[in-house]
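Below, chain A partners chain B and then partners chain C, in two separate complexes.
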Partner chain A sequence: MRRRPKAGRAVLLAASSLVALLCLGALLAPAIAPHPPQAIDLRSSFAPPSQDHPLGADKLGRDLLSRLLYGSRSTLLAALLVVASSTLLGTVLGLVSGYAGGLVDAMLSRIFDVLLAFPALLLALLIVASVGRGMANAVIALAVVYVPTIARLVRSLTLVESRLAYVEAAQALGYSSSRIVFVHIAPNVAPVVLVQSTIDFAYSILDLAALSFLGLGVQPPLADWGAMLAEGREYLLFAPSLAVAPGLAIMAAVIAFNLLGDGLQTRFDPGRRGA
Partner chain B sequence: MSGLLSLRGLRVAFAGEGGAAMAVRGVDLELEGGEGLALVGESGSGKSATAKAILGLHDMSSTAVTGSVRFEGRELLELGEAELRSFRGRGASMVFQDPGTSFNPLLRMGEQVAEAFRSVAGLDRKAAREAALGLFSRLGIRDPVTRYAQYPHEFSGGMLQRMMILLALAGRPRLLVADEPTTALDVTVQAQVLLFLEELKEELGMAVLLVTHDMGIVAETSTRIAVMYAGRIVETGGTAEVLGSPAHPYTEALLEAMPRPGSRGTRLATILGLPPGVYEADSGCPFFPRCRHALASCMDGLPPSVEAGPGRKSACFRTHSLSLRGIA
Partner chain C sequence: MLAYLARRLLQLVPVLLVASFLVFVAARLTPQDPAVVMAGGRQTSTAVLEAIRAKYHLDESVPSQYLRWMAGALLGDLGESYRLKQGVSAMIAARLPVSLQLIAMSVAIALLAAVPLGILAALRKGSWVDILATSLSLAALSSPVFLTGILGILLFSYTLGWLPALGSGRNFAENLRYLLMPSVALALNMLALSMRMTRSGMIEAMRRPYIQTAILKGLPRRTIVLKHALRNALLPLVTITGLQIGFLLSGTVLVEYTFGLGGLGSLLVNAIQTSDYPVVQGLTLFIVSAFLLINLLVDLLYGIIDPRIRQA
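Then we have the complex of A and B:
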């Protein structure tokens, strides 16, 4: 087996450690957070970092570190839901579109084109604005927005796979189309889908934070990075850590998942190894 | 004896950038049950397109298949996709050129074999696994349980092709179409696979349509031969008769181009020129430009297929006035 270049391996290792750290923080939040995230303590309003509040406290005296840790739960869970549902739906639609061809393909492709013509966030804003604010609606909106990218990707991969000999052999054996698509073609497009969904994960963290920042996603007093950023913004000059900390958290998460996607791509695609 | 398969005026045209690419231009062919027929011709002569048309494997959105394909009296070109699917694997099955790419690279070999037994022969999960393990044993695979969990790249090409043939036969089809089944294999492995195919043909009494460009293979495997040139069948007949005394100048030229034990050290004969392109319209005999027996009158229309002896046909204007050399 060929050795992957050291740099690629280091990136993959660093990215997956960071992702693991984020997930660990989210999972263990109840155990490691020094305070409950919603605990108001007006005496420590805008408290500077101390032993009791490692990163300080916000206007209502809520512990910043605790809110960050709890905020990662809602952010990661929402991003996971967005990516899982859009990947599942996008993969199925892409497989069907690419394999069926003809009218089915033409219709699905036009729908994807229309959805892709909107900037992702704008479309998500439109959907949330029409169905109402809240985390559940933000997740649904973003899931819809992310479907066409995956579907288009899977469609083009399916077009390539459909022409390969193993698919023709399966056809000659009289296998049903659904068997050929879901049993034979699906595993062969899975690595690329995994890479794309990892990168989508990074973008959906960003988009979810943006929706919450605009007050359309997670609602106060629940902790969420985007909402915390919006709250902290008001005190940017007075207590900068309130906005900077969630901002850095968002940045770290986005970079980590992006690098993970990049690392996975290099790992799965031998042609890009060493590139 | 009623025919198993009957092709009448079969035409296959692909939508190409330069208009319709006419790969098959009117093929008539008969195949009896249990018969071995070899379809030979050079690359691009329409052999594979003909073979795929029998199973309805052409992509109908970009391919026009016209004429008639009758299988046990049933017109296959009129079947819907669902009917075609149940015909494939049970009525007729097909194996392809490269066994290395005919299997899904990401699925375990045993599962792919069992899948065929489940999907085509209708066995349940347990029976299919038993059948697959039985197939492994039949092929002389040692330690079938371990090998069951291995992937296609861990098997040899000859083994994969024999497996593919057995898979294709899981639904007991009456016809097996083998499209250059040994082209991707070593010569020694080639012989093994052909022998294997021959044994199965005898055992199951199925007909085999062997598509090949290798005349050497034809002599060993098939009782009848059909020679294709530029999308048409130019000569059919018993293998021994056709190889011994060809009736069509193209067959003669093909046989001359075969390396023979006695021809060592001499320059190998070739057929000068190229066959007409798939976009070219018909004008006279398609073999005219390359034919050493051609007369000016050969440009007057397409040569019809005429009787050239018992059970033999040849599409040459001069069939009855030529005496051509074959191989003994």
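Then we have the complex of A and C:
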């Protein structure tokens, strides 16, 4: 499918509206949720959808819709923390490694080699096993896992950029290395980093949900999509929506950020539009 | 070729050494005292804890414990589980077949579906087939494997009653039925990614001048697509296989947990949940080594398919 610029814009618009909707739901959760997310009401245990509980209630009578809305807060916040910290650290390390070259580059590259020798989720599991379960530790683990990919990407871009004329000109003017790297090169690698971090956002939602699903991320009774799915799995036969609804929420969020990444890529890199 | 292989194998040694040290230290950084875990987590007298520490060499320094562990690992002995008092190597050997069969079935399903679909989507670029395949691949890439698994259980086990929901069979043949749903769930991600790679590779290849030449020569379309274009289109597919193996190995953990399969993935999750660190570190080392070796094999395969790489 050859995407005309118009079709590209449509994808971008649809994706950003979906992302905006998700963020809005998370921000307004206290205002629009019909119940507090932890409110236990045993009389409405496994209640079917009704006016009071639009999507029904779980075993403890907690409102499913309210828990989904509040769950989006922890999911989006955790993914944001993972992506922001890994992108920042990975970009700085990649810029330094690519521009400095020599021993610094060799040492950083070996460290990334070792980290990339682990399948992503396995490294995250190992870190969580070592520092303990919980949302904060899951975020730290995934941030560490994502750094080498970003750093490698930025390093290769920096290698290309640093041979270009504008960098030579800046060197001839006697600018300091840190100024050249952070003022001149950084803005030129930023679009690619932005696209990558959007796609990483989608992956980190998936990976965080996976950790919570395995009981190693966000811990019940906190409302979190992955943790809710794990809890709901026990009553799969009896009340399938308890597991399926948070699962679909995860999927919708991931689709939104994947589409946003695709749209941004088309926007910044017209050469790849056909592919 | 042999020199190349030897060089690549040598390059793996330092990476594996550092990775193994990382694995060992990670398992030792834990807040829990291994001696307490082994004593069953209960209040125990210091004398008992001292005896356990002495028996398992936990009173030695970390570097010396690491050397002892590595020396054992090189001989195939990965230590003993805290909880089950079994050898970790034996536990891995017992659970490896299920995971291997799961991964093999997934790779077969993914590639057998992805390549024809990718070719079809590329040749009918912009048609409804293409749009459907591309949209479905986005859905597959965005769906967590445990959601796909749960939906599969609901539909094929509870509603239709075609397939068993949980567990595995007693032998290979029985497992084909038990593992069908788990391996489809695991395959979807790889299927989607491979389909996209085949599609864009085919679109790229069909634009090349040598395809024009082949068309002008009057070669049958079948020959042009399957022989001339496909071989070049499949190269990028081989490149991303390493990445996909990482996905598959991570995915087995989730799929085995979802479907209650007794493979390596569920062993790892159980070991982490019960703080059984010898199992965690031995199994992680095993999976990382396997991952690195498979990646090396893929690189070699790439060299065989594309002679340009070997000469470089």
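Note that in this section the second predicted complex is superposed on the first by the 268 of 275 C-alpha atoms of A that agree within 3 Å, B and C clash if a C-alpha of one lies under 4 Å from a C-alpha of the other, contacts with A are read in each partner's own complex, and residues count from 1 in each chain.
One rule holds for everything that comes next: a contact is a pair of C-beta atoms (placed from the backbone, for glycine too) under 8 Å apart; a residue touches a chain by one contact, two chains touch by 3 or more.
As the structure is a prediction and not an experimental result, all values here were calculated from the model.
Annotation: superposed three-chain arrangement on chain A; chain B versus chain C shows no clash, the two fitting side by side. When both complexes are overlaid on chain A, the residue A:Leu121 reaches chain C alone and has no touch with chain B.
Once chain A of one complex is fitted onto chain A of the other, the partner contacts of A:Leu259 are limited to chain C, with no touch recorded for chain B.
In the superposition on chain A, A:Phe213 contacts chain C only, with no contact to chain B. Contacts of A:Ala151 after superposition: neither chain B nor chain C is touched.
Contact with chain C, but none with chain B, is seen for A:Val131 once the two complexes are overlaid on the shared chain. When the shared chain is aligned, chain B comes close enough to touch A:Ala172, but chain C does not. Number of chain A residues touched is higher for C, counting chain B against chain C. Of the two partner chains, neither chain B nor chain C is touched by A:Leu242. With both structures placed on the common chain, the touch criterion links A:Leu108 to neither chain B nor chain C.
Here's the short version: in the overlay, chain B gets within 11 Å of chain C at its closest Cα pair.
The residues of chain A shared by its contacts with chain B and with chain C come to none at all.
Residue ranges of chain C in contact with chain A, taken from their complex: 14-16, 18-19, 22-23, 26-27, 29-31, 125-126, 130-131, 134, 138-139, 141-144, 146-147, 150-151, 153-154, 158, 200, 203-204, 245-247, 249-250, 253-254, 257-258, 268-269, 272-273, 277, 280, 284, 287-288, 291-292. Chain contact summary for the complex, chain B toward chain A: residues 55, 57, 59, 61, 85-90, 93-98, 101-107, 115-116, 119-120, 164, 167-168, 170-171.
Those residues of chain A whose C-beta lies close enough to touch chain C in the complex are 1-2, 110, 113-114, 117-122, 125-132, 202, 206, 209-210, 213-216, 229, 233, 236-237, 240, 243-244, 247-248, 250-251, 254-255, 258-259, 274-275. Remark: chain A residues 101-102, 164-166, 168-177, 179, 183-184, 187-188 touch chain B in the complex.
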